[in-house]
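Take a look at this one; I'll ask things after.
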Amino acid sequence: MYLKNTWYVACTPDEIVGKPLGRRICGEAMVFFRGPDDQVTAVEDFCPHRGAPLSLGFMRDGHLVCGYHGLTMGPEGKCVSMPGQRVAGIPAIRRFPVIERYGFIWVWAGDAELADPAKLHHLPWAEDPQWAYGGGLYHIQCDYRLMIDNLMDLTHETYVHASSIGQPEIEEAAPATRVEGDEVVTSRFMENIKAPPFWQAALRGNGLADDVPCDRWQICRFTPPSHVLIEVGVAHAGHGGYDADAQYKASSIVVDFITPETETSIWYFWGMARNFKPHDAALTATIQAGQGKIFSEDLEMLEAQQRNLLAQPERRLLKLNIDAGGVQSRKILDRLLEREVQERAALVAARAAASGTAAGTAATRPATVIHPVTQGSH
Amino acid sequence: MYLKNTWYVACTPDEIVGKPLGRRICGEAMVFFRGPDDQVTAVEDFCPHRGAPLSLGFMRDGHLVCGYHGLTMGPEGKCVSMPGQRVAGIPAIRRFPVIERYGFIWVWAGDAELADPAKLHHLPWAEDPQWAYGGGLYHIQCDYRLMIDNLMDLTHETYVHASSIGQPEIEEAAPATRVEGDEVVTSRFMENIKAPPFWQAALRGNGLADDVPCDRWQICRFTPPSHVLIEVGVAHAGHGGYDADAQYKASSIVVDFITPETETSIWYFWGMARNFKPHDAALTATIQAGQGKIFSEDLEMLEAQQRNLLAQPERRLLKLNIDAGGVQSRKILDRLLEREVQERAALVAARAAASGTAAGTAATRPATVIHPVTQGSH
Amino acid sequence: MYLKNTWYVACTPDEIVGKPLGRRICGEAMVFFRGPDDQVTAVEDFCPHRGAPLSLGFMRDGHLVCGYHGLTMGPEGKCVSMPGQRVAGIPAIRRFPVIERYGFIWVWAGDAELADPAKLHHLPWAEDPQWAYGGGLYHIQCDYRLMIDNLMDLTHETYVHASSIGQPEIEEAAPATRVEGDEVVTSRFMENIKAPPFWQAALRGNGLADDVPCDRWQICRFTPPSHVLIEVGVAHAGHGGYDADAQYKASSIVVDFITPETETSIWYFWGMARNFKPHDAALTATIQAGQGKIFSEDLEMLEAQQRNLLAQPERRLLKLNIDAGGVQSRKILDRLLEREVQERAALVAARAAASGTAAGTAATRPATVIHPVTQGSH
């Protein structure tokens, strides 16, 4: 149960340098490649000739060449050439709308005609030279909503990340959750605490003392379909906490883009955006390595939780106050999923009316027609 | 098809030193831990908060703390505390009766109100200082009854364990099988034979000549639900064989506790109890290593046999005279399984009468109630 | 959907030297061994005693001894002895007709009474001392027909085997396909080309210049049930190409025996037969190593194609002119499969008439009868 008519992070540009990338997203096997004019394209990872994965092929002159028999795929999902063949009759394969922005390749996993670039999640920091970003990608066997729950309740830091960002004061500070339209915000503020190891390092990285009392904050924001951006930071106590002047604090945005692969697996794009020392590449690398280690600690727990839930599907989970962020996020998702069902029904009806036939889905997913065989003995 | 209202070996004390142990038994995911006052407890391996396995958590002051968000579980399956939460409304999880005795942790996998310590298999040697014990644990992908068959027909030693305890004389000595109530005894006696390598070592370990003619015996006893204890030994020939004076023989009890994990997998606790040189720890270690190697030889055969039987479920197996021990053991199991069905039906009726409702199972497996969310925005 | 009443390559003689071999063919678990008088036998890999795989046993005096309890199986699928047992009542297990010829063990996977040695694929080169053969075996997770398609359209060499036998001229030369009874022949001829690396080596191996213009040919012949033999070669240009005198060419036969294991996996016996320098064992080894490397390049593609097709079973594949060889081969297979259905229906009717009962299959697959237990307590 995930939204399909929405933009998900599919991959990063470095994953498609000079080669195609096969990746399943929302149940759809896709292949991503950089076509003529350097535009990124996504089509089905299924050669219309014999069904081989196009992602096993290679790039030639901005076209994707199937590695089995050389069918050459253009950016529109249309075969542009094939040795010894007339290609006009070769059916097109499904194309998925793609946008490259903010350092990511985004894909619209559902109905292409509904794809709207204006609906892309706006990320001002990603285009601001005063900010730096470092991150990574994990493949995790869990429902994407378990990861949303995880990120909207940072109480788990005390347990899962005890040696880095966890500290007892987190669970002692009750979170406050509010709903803002389709977004959910859960905030926690801690005052006069000792900074945990990760934040001590960040303070030092920012040229600040790491052994003085601090204020700490965590402001988690869920944005559909499955993004959680978390403003996190510490300030030397007595300077206004979250609102302290930049010279007294180290702060950043934890970035989490959670892309469903299947109902029970995700591509988890994690990272950190910061607006201090943005040009310090060594610092970026250090933070990235530290965050990567911390975020890997969630994997075992989430996958074990998923197995437990699959084994006992009838069990209901508790909804405590600390779970309010996830609970509210799921309510919004339920509402949007319901709306998507209606939109798709309307779309099917519109397609049927437009084509004058009942075969209303032909526009986006053409049936694979059998091409007349030119060989005489056939 | 395994009994559930009975005591099975779940683990050994060394497996829960300072940490919880997750183990599936009779299809139930359980977590074992040593609670306050050092008593061993088993509860569902499912945190009532978000379904994480409690076995990924840690021990604190005799309580099991969930490693995800810190829910603290007490020995009765009731949450005793959770940071920032009122815990009275958190539903209890299922608790499994446990006994620690004879060097093992035993669990009652079925209905808690029927658990009867008096039904524990009595093992006098395990509490007698004149006896020593060493053993191990194997995880095997087979129906527990295939292992019972294996142990109640030691003809296989000639083939599976040819280099250690097997010898042609085994299959030349016809076994005799008798039923004693719910137990089955299959015995084999061989006279004037050469001791095989394992027993030569045992004779030497007991200070006896290893190259003289011997009498050898194997007396396999099946006790429900799935225990096979085998009196085995050799005596210098001419001194009475099984009944020979201790100075002429090396004998011991092969101990096999077979605990179903699922319908087609087991936890196999194997070991050997001996009453010679009981304080010789080096000898215990030597025997344990030798037995571990020998018993590992059964794994491949049993798992391959299981795969064959699953692939051809309609095939019936032969029941030769050598199979009588297993055949009779299965007859007893079938009878006890039938009795358990009746007992559980009576129990459900009694529960319904007691509660005055149809929801008769509430006593042992409480439905997970949704705890009121205290957070206002919910 | 594979033929069963036909001869498939099961294994090579070296696989059953001094030991049995377990192998699943056409869904049937079989065990192959060399019985008394060195004749090869195949029976079910299922001991009639307790269902253990007989292939885990060992050979003794030309009989196969079960590794679990010593049941000794004779070449007819009848137990010939078992320690301490009367074996007359032990039911026979299914036997599969076997032929050893041409350096292979062939098995008839279907109804034994229809097995006809005259239907064995005739391979003159395999018995001609002027020819040498080297080959190997790969286990591949794909429908056997995907491998037939692969071999009947060598266009893929340009892509899958670009560094060894592929060259652009292959796809520029349109193939011609013709049907000859139950066989299909697809041929390609290229003139005045540069020999690719594999063929340069073969020219050198044959004492010929490797840097002169050549003619090249590929004549693929499909023979049911799943054999593709390919005449391949190069000749110095201007000497008649395929028909050139032996002193001007290097040619050979690529041998492909594709034996279904299951609906989606195969045992792929590949090799090369050549009639130049047939006694040069070092050359045979060199060719075998080179071919093995090249043919391993197909595995990833075929297995990925299979996964794609299983994920989208409703998708139809294109049938271009280059696919005509596979398309025609599948048509023949469809016709033969239909004929086999009718033959088997007739056989069942004949069996029923012969036995005077409805249990018409008893002749080839005896029901496993429960042998009376001789042990009194049973």
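Order of writing sets the labels: A, B and C. Residues in every chain begin at 1.
FYI, contacts are C-beta pairs under 8 Å (C-beta built on N, C-alpha and C of every residue); 3 or more make two chains touch, one makes a residue touch a chain.
Everything numeric here is computed off the predicted structure, so don't read it as measured data.
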(request) Could you tell me which shape the graph of touching chains takes: line, ring, star, complete or other? (result) complete
(request) Please state whether the interface between chain B and chain C is built from the same residues or different ones, using more than half shared residue numbers as the mark of same. (result) different
(request) Superimpose the Cα atoms of chain A on the matching ones in chain B and note the rotation angle, 0 to 180, in steps of 5 degrees. (result) 120
(request) For chain B and chain C, let me know how many angstrom lie between their CA-based centres, rounded off. (result) 47
(message) Show me the residue ranges of chain B that touch chain C in the complex, using the header's touch definition.
(response) 149, 153, 155-156, 158-160, 168, 171-172, 174-179, 300-301, 304-305, 308-309, 311-312, 315-324, 327-328
(request) Show which residues of chain C lie in contact with chain B when the two form their complex. (result) 29, 45-46, 48-53, 56-57, 65-70, 82-85, 90-91, 368, 370-371, 373-375, 377-378
